[in-house]
Every structure is written in structure tokens, then in C-alpha cells.
Amino acid sequence: MSELYEFDWSSIPGALPLLGKGLLITFEVTLTAIVVGIVWGTLLAIARISASKPLGFAAATYVNLFRSVPLVMVILWFYLIVPQVLKSIFGEGIADIRLASALCAFALFEAAYYSEIIRAGIQSVPRGQVSAAYALGLTHAQTMRLVILPQAFRNMLPLLLTQAIILFQDTSLVYVIGLSDFFGTAYKVGDRDGRLVELLLFAGLIYFIFCFSASQIVRRLQRRYAQ
Amino acid sequence: MAYNWNWSIFLSDTPAGDATYLGWLFTGLQWTVTLSLSAWLIALSVGSLFGVLRTVPNRGLALLGTTYVEIFRNVPLLVQLFIWYFVLPELLPRELGDAFKQLNPLLQQFLAAMVCLGLFTGARVSEQVRSGINSLPRGQKNAALALGLTLPQAYRYVMLPMAFRIIIPPLTSEFLNIFKNSAVATTIGLIELSRQAQQLVDYTAQPYEAFIAVTVMYLLINVTVMFLMRRVEVNARVPGYIGGSR
Amino acid sequence: MKILTTVAASLVAASLFSPAAFADELTGTLKKIKDTGSITLGHRESSIPFSYYDDQQQVIGYSQELMLKVVDAVKADLKLARLDTKLMPVTSANRISLVQNGTIDLECGSTTNNLERQKQVAFSNTIFVIGTRLMTRKDSGIKDFPDLAGKNVVTTAGTTSERLLRKMNEEKKLGMNIISAKDHGESFLTLETGRAVAFMMDDALLYGEMAKAKRASDWAVVGTPQSFEAYGCMLRKDDPAFKKLVDGALAKAMTSGEAEKVYNKWFQQPIPPKGLNLGFPLSDAMKAIYKAPSDKAFD
């Protein structure tokens, strides 16, 4: 007898508040990583193209190290280290150590990827702009801040956003440390109710809706810039 | 709390008595490499096929290609893996699903991870292939057709050989990614490198040694792949293109 | 702000009770609890019926109730007006290091007291005794461990069962394919979906997993126990004052019959999430530890 699977979606409506909470964690990790990643990534990019050799070398080592190791290992590493560091700073187990570890891991990991995008963006600004800024009497820092970075960020906005979409998907890997983000919550609810099949498909659908819409927006931006 | 380093832990036997802990790590390394390479074969073939489909003058085929890419690029790899491993066997007709689930568990995990990783990366490869083909001057295709080649022949003998040589750098980075992404297979229990790292932590309570050893192994994989791909790149350079002839 | 109120609360507490409370100098965990006015407890997330989340994400279970009795005793002993109880979920992989590095003060869940772990942490009086056995589908034909030869068997990573199973496989050349799942939930899923014919684990936890099953009546726990193990609460090593207090509180609960009431509630009556009665009678080993509490490991 060949019977097909009987779907039962009834456990999803009741679990929506829990899933919503999980989604908030997912957004929290994503947004923190975008903000910290871009700021720290910009500093890394500037360090890498700076005239100072040791600074450039240190930044390059950081970026290459993070880009060579799987994200799963990075998350596991941070889950090992961050609780110890938190403890030595605050003395008490005050924070949610999983969330704290995930936030640090993603922020520092994404910075490595963002810094490569930003470096390329900075290098795409014509040299003449720099010379012109210097001729106008701007200092190096002013040139960076007022002339180069604004143009660079405009050029690389689509790439930065695409990276953000990848990041949003990658946050699901906090599963390896048991943090209840959107995916972790969906898995737990599915496990609890014995309806893993439905919950996994549902999670996939939600991720698809978010990422597909976001990527359509990015595409529209790209087209507008291309004109 | 002072940490007690103990690097000799790798030489001691595991409680199961089947190997040393170092032996476990090498088993993990083998699985990581085998998984990545076999998934890469799938990614290259599927990616090329769909990349080509998206450039042919047929709306149905192009739509098929686009659908594949959009689905596989917009769902997280972890979710895709769980769907392959946990969901699909349940959705298959009962006998087929059961037959799969009676296989050796390692084989099940390996197959699910290989197909998942292969199709996931394939979607990215197909984007590169498409942009490689689109970057070729239109004249190449027209010239090939004018010479009497059929469309498949034009792809086979003129456009694809050029396109592939142009997209080797982005393909290299996808190839590196597949090794890193293979670590996701840890979540379904495949004993690849990062799973072995966690297992060592469970068994020895020496997390730093285990993590450092595994991280170094990933770095070595990275360096090796980059070295090999650099040679491929040099050999495949197209004269007249940026980074082409000296 | 929170730190401020905590400090204020402990100052108030100190001024109220100073002569009696400081009669003998507090050290270690007790001092920390007194100073901060809070205690951090480690719990499990899905060790049914010992320590797990209910539908409202509240931590419940046999071990959790006993742990709260210990907290009451700590509060009474330190004469604290108010004691903040912080809960932190732990896994079998990180529970020992979290106790060691001081992130959590006490963990009562389903942790086996053994000599190897005693090198790193201290254990309280035994709170439960289990045997490691098998869960299988009633019609699978599996009666005991030798029937597993050549089959797919699942167990949870990092547990004693995993070690025993691997060792047995090597020594007796059973040719089993052993699957190490991340947690008990995943192990049971592996069994329930037909990927494994049996799940080896602590018998009480096997009954607990049954409480989640779609049809509990499909499953049976079988086989000769491969080991007997004592669950204890974990606390930091070399902290005799705290250990004495914890042991004392547990011993009082056990000898007074309170612990048996807790046992009946979790093992003989319907429990969340599905209102299943585990029907797990009080074993002779359990009666013995209730009568004469002890902190000895079984290996």
C-alpha cells in the first residue's frame, strides 16, 4: 500500500506568538550584524588600504581568517569564548549567553565580508576625486568622510543589501548553539507537536517571502542606479 | 579559571577503542572533502545547465531556470538541508521513504547533504554561467550560427568554452564556499570536521585544542584550494581580456 | 538600575540581619548569593520529566521542583527577605563548564554523577537512579541488546549511553550503525520516523520521550539495563558550605516523604505536554536513596 503523507497544519496558528518572538531574535541578530559589521568593516577596509604596513597586514589577516573558516565553526568558537569574557567583565551570568555569543559572532564575522565590499567600493572612486579634495585643502580624514565614503557607499549599496539578505539567511545557523531564533523556534514547535514536516516547510516559506521580496527591491535599486 | 592545555589528548584512544582522537579528526576531514567535491560536481553540472537555460531564446525554459535560482537562493541552506533530510523522506510514497530511511545512517546523511549542497551551490553557479554567457559579444553567437552551427553546437563549441574561462575567478570563490558550507551538514549528524570538533569537546572536555585543530584544518583546505585554482586560472586565461595575456 | 536595586536590597538585608547572618564568615557560592541577592540555576530544555519547558516556556519537572526546594533552603539559611532566581538553559555539552566558570550556581536536571565528572564539579546527594535501556516500537521484535546486531540504533551525543553503545559495538562486533543525535528530542524523532529501530538512553528519559509521542501506546522500553546511574545536582567543587546546605535540603525532602510526593506527581500522574501518565513505579534503588540519601557515584 502506498499512502501519502497527511499534512496537519493545525499547530501553526497557536504557535504564531512564539514564532513571532523567534523572528524578532532573527531580526535583532541581523540588524546588529549589519550595523556593527558595516562600521567595523569600514574601519577594516580603511586600515587595509592605508599606508601603514602593520595596520594593513593586521586587517588583512583578520579578514582572511574569518573568510576561511565556516560560519558554523565561528559561532561555536564564540559560544566558547563569549561567556568567559562576559563573566570576567560583569562577574555574573547576567545576559542571555546564547544571544550575546550569536550577536558577537555575526557582527565580527560579517565585518570581514562587508570590509571586502567596502574596500572595492572605495577603490572604485576615481583617484582624481582624492587629488581634487586634497587640492581643496581637505585632510586625509575629511577626504575619506566627505568625499570618498559617500560616493563609495552609493556605488556599493546593492552589494551591501545583497550581503544583508545572505546574512539574514545565515542567522538560522544559530541553531548549532540552540538559540531560539525564527528557525530554532519553528524546529522546537515542530518537535514538540510531532509536526516537524509542516513547521520546516512553513519556515522555508517565510524565509523565501522575506528574501525574495528583499531581493526584488535590490534589483529595482540596481536598475535605477544603472540608468 | 585557568585552562589546562593538553595537546597530547589527540594521541589518546577514544573510549570506543576504534581510533585515536586524531583519527576521528582525519575521518572528519575525509568526509568534509568527499562531501564538498561530490557536491561541487552536482553544482557545476546543474549550474551550467540552468545557466544556459536562462540564456536561450525560449521563455518557458528561461522561466524554469529563474524559478530554480530564486527558490534555492532565497531559502537558508540550513532550512533546505532539513527539508531534504527530514521532510522529503516523509513526503515520498511510504515504501520509497522507508527504504531510504533503512539505509546506513551515514549514507543517508551524506546523500541528503550532497544533493542539498550541490543544488544550493548550483543556483549560484548558474548565475555566474549566465552572466559569463551574457558578457560575450553578441557577434560570437551570430558568427557561430552564420557558419551553420546549430544553437546547441554554438553553445558547445563557441560560447561555453569562452564563458567558463571568463568566470573562473567567481567560480573559485563558489568552490571555496562549498567547503565552508559543508559544515552545515553537522546539523544532521554527518561526522564531518566541525561535528568531530564538537564530539571531541563532548568526550575530552578540551574544547580549545579541538577547535584550534579543526580551524587549522579548514585553513589548510582553503590554502590548498586557492593554490590549485590559481594554477587553473593561469592556464585558462583568455588573451585580450583583463588579467589575460601578459 | 537592576544592579543598583540589587545592591540596595542586599544592603537592607545586611542591616536587618547583620549580627546573626555574619556570625560565621560566608565563603564561596553562599557569599556570592548573599552579596548579589540572586542565584543562577541551570536547567534543561527537554529532559522530560526532569527538567523541561511547558507550553508557556516555564521550566517544570521533577529535578526542577527539587532544585526549587534547595533554593528555599538557601533563602531561609541566609535569612534573605528576597532572593532573585535566574534560570539559564544548559545542554549536555556546556553544563559542566558553565558550573565550573561560575555562570550558574546549581544545576539539577538529568546529569549523571560519575568519577570522571567529579574531577571537574561536585555532586549533591543522588536525586534519581536510572538504568540505561532501549526504547523500540512494540512490534519491532527487539527484546534486548543482542537483537540490535546490524541495525540502525540512535542515542544522544555526549551521554553515557553513547559511550556504552559504541564500546559494546566494538567489543561484541555487533555491526550496529550508531546515530548520535544532538538531543533527546532529535533521538526520538530519529526513532519515530523509522530511521533507527531502537533508542538507547536512561530509562526514565525514554518514558519521558514517550510523553511526546503521537501514540504513546506504540512504544515500549525493553532490554537489560547496561548500567545503573545516579543523577545528582551539580555545583562548584571545593565549596563545602554550599554543598552541605544543598545536601541537607535534599536529604530533608527525601527522608520526610516530600520527594516521593514530587516523584508521584511526575511519574505516576498525567504530565504536560500531552497529559500522559508515565506509569513509572518507584524502583527499589529509588526507595533506597530516599531512605538513606548519599552522594556516591555508581561507577
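Here the chain labels run A, B and C in written order, and each chain numbers its own residues starting at 1.
Simple rule for what comes next: contacts are C-beta pairs under 8 Å (C-beta built on N, C-alpha and C of every residue); 3 or more make two chains touch, one makes a residue touch a chain.
Listed by chain with UniProt protein names: A = Glutamate/aspartate import permease protein GltK; B = Glutamate/aspartate transport system permease protein; C = Glutamate/aspartate transport system substrate-binding protein.
If you're wondering where the values come from, they're calculated on a predicted model, not measured in any experiment.
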Revision key, fill the gap. Subunit A and subunit B share contacts with C
Practice item. Write out the two chains that share the greatest number of C-beta pairs in contact. Key: A-B
Practice item. Would you kindly say which chain has the C-alpha centre located farthest from the C-alpha centre of subunit B? Key: C
Review point. What chain lies closest to the overall centre, CA atoms only?
Key: A
Practice item. Indicate the whole-number Å distance between the mean C-alpha point of subunit A and the mean C-alpha point of subunit B. Key: 21
Study note, to complete from the structure: Whole-angstrom distance, CA centroid of subunit A to CA centroid of subunit C, is 36
Exercise for review: Determine the centre-to-centre distance between subunit B and subunit C, using the mean Cα coordinates as centres, and give it in whole Å.
Suggested key: 41
Review point. Among the residues of subunit C, which are close enough to touch at least two other chains?
Key: 101-102, 189
Exercise for review: Scan subunit A for residues touching two or more other chains and write them down.
Suggested key: 196
Check your understanding: Which subunit B residues reach two or more other chains?
Key -> 86, 90, 187, 198, 207
Practice item. Give every residue of subunit C touching subunit A within the complex, in rising order. Key: 36, 38, 40, 45-46, 57, 86, 88-89, 91, 94, 98, 101-104, 185-186, 189, 192, 212-214, 273
Review point. Hey, which residues of subunit B end up touching subunit C in the complex?
Key: 1, 15-18, 86, 89-90, 98, 101-102, 104-106, 108, 187, 189, 198-199, 201-203, 205, 207
Revision key, fill the gap. Listed in rising order, subunit A residues that touch subunit C in their complex are 18, 79, 83-84, 87, 92-93, 97, 178, 191-192, 194, 196
Review point. Which bits of subunit B are touching subunit A when the two form their complex?
Key: 70-71, 73-80, 82-83, 86-87, 90-91, 93-95, 179-184, 186-187, 194, 197-198, 207-208, 211, 214-215, 218-219, 222
Study note, to complete from the structure: Listed in rising order, subunit A residues that touch subunit B in their complex are 1-5, 65, 68-73, 76-77, 80, 165, 169-170, 172-173, 175-176, 183, 187, 196-197, 200-201, 203-204, 207-208, 211-212, 215
